[in-house]
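Chain IDs A, B, C and D follow the sequence of writing; residue 1 opens each chain.
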Amino acid sequence: MLNFIDTVGEAVAGIKDGSTVMIGGFGNAGQPFELIDALMDCGAKDLTVVNNNAGQGDQGLALLIKEGRVRKMICSFPRQSDSWHFDAKFHAGEIELELVPQGNLAERIRAAGAGIGGFFTPTGYGTTLAEGKETRLLDGKWQVFETPIHADVALIKALKADGKGNLVYRKTARNFGPIMAAAAKHTIVQVSEIVPTGSLDPENVVTPGIYVNSVVRVGGTSREQVA
Amino acid sequence: MLNFIDTVGEAVAGIKDGSTVMIGGFGNAGQPFELIDALMDCGAKDLTVVNNNAGQGDQGLALLIKEGRVRKMICSFPRQSDSWHFDAKFHAGEIELELVPQGNLAERIRAAGAGIGGFFTPTGYGTTLAEGKETRLLDGKWQVFETPIHADVALIKALKADGKGNLVYRKTARNFGPIMAAAAKHTIVQVSEIVPTGSLDPENVVTPGIYVNSVVRVGGTSREQVA
Amino acid sequence: MSTQTSIQTSEKPLGRDELAQRVARDIAPGSFVNLGIGQPTLVSNYLTEEQNITLHTENGMLGMGPAAVGEEIDGDLINAGKIPVTELPGASYFHHADSFAIMRGGHLDICVLGAFQVSATGDLANWHTGAPDAIPAVGGAMDLATGAKDVFVMMTLLTREGVSKLVEQCTYPLTGVGCVTRVYTDKAVFLTGPDGVTVRETFGCTFDEIQELVPLSLKKA
Amino acid sequence: MSTQTSIQTSEKPLGRDELAQRVARDIAPGSFVNLGIGQPTLVSNYLTEEQNITLHTENGMLGMGPAAVGEEIDGDLINAGKIPVTELPGASYFHHADSFAIMRGGHLDICVLGAFQVSATGDLANWHTGAPDAIPAVGGAMDLATGAKDVFVMMTLLTREGVSKLVEQCTYPLTGVGCVTRVYTDKAVFLTGPDGVTVRETFGCTFDEIQELVPLSLKKA
């Protein structure tokens, strides 16, 4: 069921302690900063967060990690020049890390949305990231069994939504948005603009409204920065 | 390597006997009739054809089947009111049929393009179409192991190509085109129009040119008919 | 068991259109729905604008409109039954893997399918008669049966020979296991699930008359 | 083995930019290429228009242009290293699963990666030092290493301590097994594969001098 919501606070109000939350974005592009800030304010804790990175600088996900609200990160690239809050928590043993090759992260999220119970991929075979996992020789290549990553909630950012919740994105800010929208039970989207139903060309819709539950328009200046 | 080719005949000239050929289209929508006619003319035989259906009426794939050029069909819905050529060959024991649930057909084609060696899906569990296949309980559901469908060649139809081979489609004629383009070693596309590079909006490209090898413009009246 | 007719909601068995209307009425507002080929397609005629239902067609579209007529007919815009249809505002197109991801990923609220047989535990048989000379054709039936949150079946309760299609165990080849949640027939609506089969309402007959026709033990709603 | 210098193609070891130029020259016209973060990115400076190379960035784009400057800078248009870039005519955007399908499905002709070590059989180690206190971060390295048709490595032949990074067996944690096809270093270009390591050319030293530095048996091209 689709709802248009006035504030980011109301949009995230239902997120419970212990939830698995997917957060879109690759670096700052496509990262839903305002929704993450609202998640911070709403107080939910003991979260498992799925994001490509583990926060940068002193904002967004980094702040959520700093405040001890994230129990576990599932990501491909936690270590960055400005990922000091994650680094500190990790070295203190206060956050769990499931490190996933980026393509496995994407494919496992996609699998959750597409109803796939698991798949074999050559990525990671023979590496420490495949230790303990089932392997099989398929198509002449050794492959590793990987399982879907489901989530309770996805927080993503898109450019526009129409009245049916159909979404379009902007340039490389698209990244994880479409697959996370499909993988989560409840998808919350912040958009720059809400447009009338019928004004998006049906050929160009990237995320059909069936994957969207809550839409909130975030006005004002974008907080996006160049990493 | 991308080539723009003048005639459908030249476009299909390299297809060898014994090839696996994917043919786009669902019913007549998106079916590359001119390329199929050219495949007919080029004489390649002993083909394995992957298509949702097994030909309709007296044209295209139906004709290729009638002429005994197809050794095996991989499809989801061979039986239609006007699939008499397939019906005759099948009853005569002159064509092999691998019947695949349509979603498995799509997902197996997608898997081939995405480098997935196999996957588990609930579709088909407990049915005769899963007989002899590995099953596993995943996410609380019994699932069946399915493998990718690779092809030597894909014949598909799109609306427009630009100079880089980027494609856009039209309405429900999109269907299998994008996933077949990615699954085949060599993808041949017939388009209604070739447009200058830079004239397709990068946000709206459906099949990136990396998946396209040969583009041929098919002018004149569309032979599309209402099924 | 009582013979009182409190669950009888119609004086007569329902015709195909009345049944379609009944199914349409039971679809929750805002639902995403796939209507199977054949009889289920009739349901679309009875969906109201207030219901705000979005129709999915497996060949790559959400927001499918009514059948196309006259100038609207476009060979590139067809439904799963290969019938020309129209596009509603807010529609979207996608390729086949994305379309079936919608079905298989559990995103459709309801699909409505025809059936040869439905079993006491919700097994569905609707794709193949099992006749040795029949050419099998499955299409998207197994994906819909397995993937939709609710699977509604529409069928006559009895075959032309008067045999119940609601059965203890299917004798026709299965489409899906334990997937059907409701069965809409001309004579009654049944709820199926792990706890057995419940009669929700009857049309032109009593619960006991339905029980006489169906070779499995029914419960009353 | 001879000490003749017929495969010595430069008087001096190559600098980073000269090496990038050498890699660029070896990329076949029309190729689809992914350049890894760091040193490999330099290769893009030496690709010519005639080569018609299409660059892929794993965060969702084909047809990536040069780094953005001034007014071009757009936070929504970045590369895998999170540096603002530009868009060339004929570019396309796609989501992460589609982007990695390009990499993992074997559609990229070449990826160019940095490395800590490459083994005699083409094993690659480039993501993790293995130090117990290091925070591991893998990004798309394993997908590129495993998925591209050809994996070119760019690195200095020796560590700062003078130890060869081309080794019999990697001691650093692996990124991929038997995936590297060529190794471009400041002192030589090596071809790796199931048949062992071949020196294709040397820069500022002889084959025998290279053989002295590298702890495995080399073949001459």
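As a working rule, a residue touches a chain if its C-beta (ideal position, glycine included) is under 8 Å from a C-beta of that chain, and two chains touch if they have at least 3 such contacts.
As the structure is a computational prediction, the values presented were derived from the model and not from experiment.
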item: Other chains in touch with both subunit B and subunit D; value: A
item: Centre distance in Å when subunit A and subunit D are each reduced to the mean of their C-alpha atoms; value: 29
item: Inter-chain centre distance, subunit A versus subunit B - centres from mean C-alpha coordinates, in Å; value: 33
item: Interchain centroid distance [CA atoms averaged], subunit C/subunit D, Å; value: 56
item: Sequence positions of subunit C contacting 2 or more other chains; value: 61, 87, 93-94, 97, 100-101, 103-104, 147
item: Junction residues of subunit A, two or more chains touched; value: 107, 110, 114-116, 121-122, 169-171, 202-203, 206
item: Those chain pairs that satisfy the touch definition; value: A-B, A-C, A-D, B-C, B-D
item: Subunit C residues within the subunit B interface of the complex; value: 57-61, 73-79, 82-84, 87, 93-97, 99-101, 103-104, 123, 128, 133-143, 146-147, 173-177
item: Subunit B - residues contacting subunit C, complex; value: 26-30, 76-80, 83, 86-87, 90-91, 97, 99-107, 109-110, 121-129, 142, 169-179, 206, 222, 224-227
item: Residues on subunit C engaged by subunit A in the complex (per definition of touch); value: 30, 32, 54, 56, 61-63, 87, 89-94, 97, 100-108, 147
item: Residue numbers on subunit A that touch subunit C, as the complex places them; value: 1-2, 110, 112-116, 162-164, 166, 182, 197-198, 200, 202-203, 205, 208-211
item: List of subunit B residues in touch with subunit A within their complex; value: 107, 111, 114-122, 136, 138-139, 141, 143, 147-148, 150, 168-171, 201-204, 206
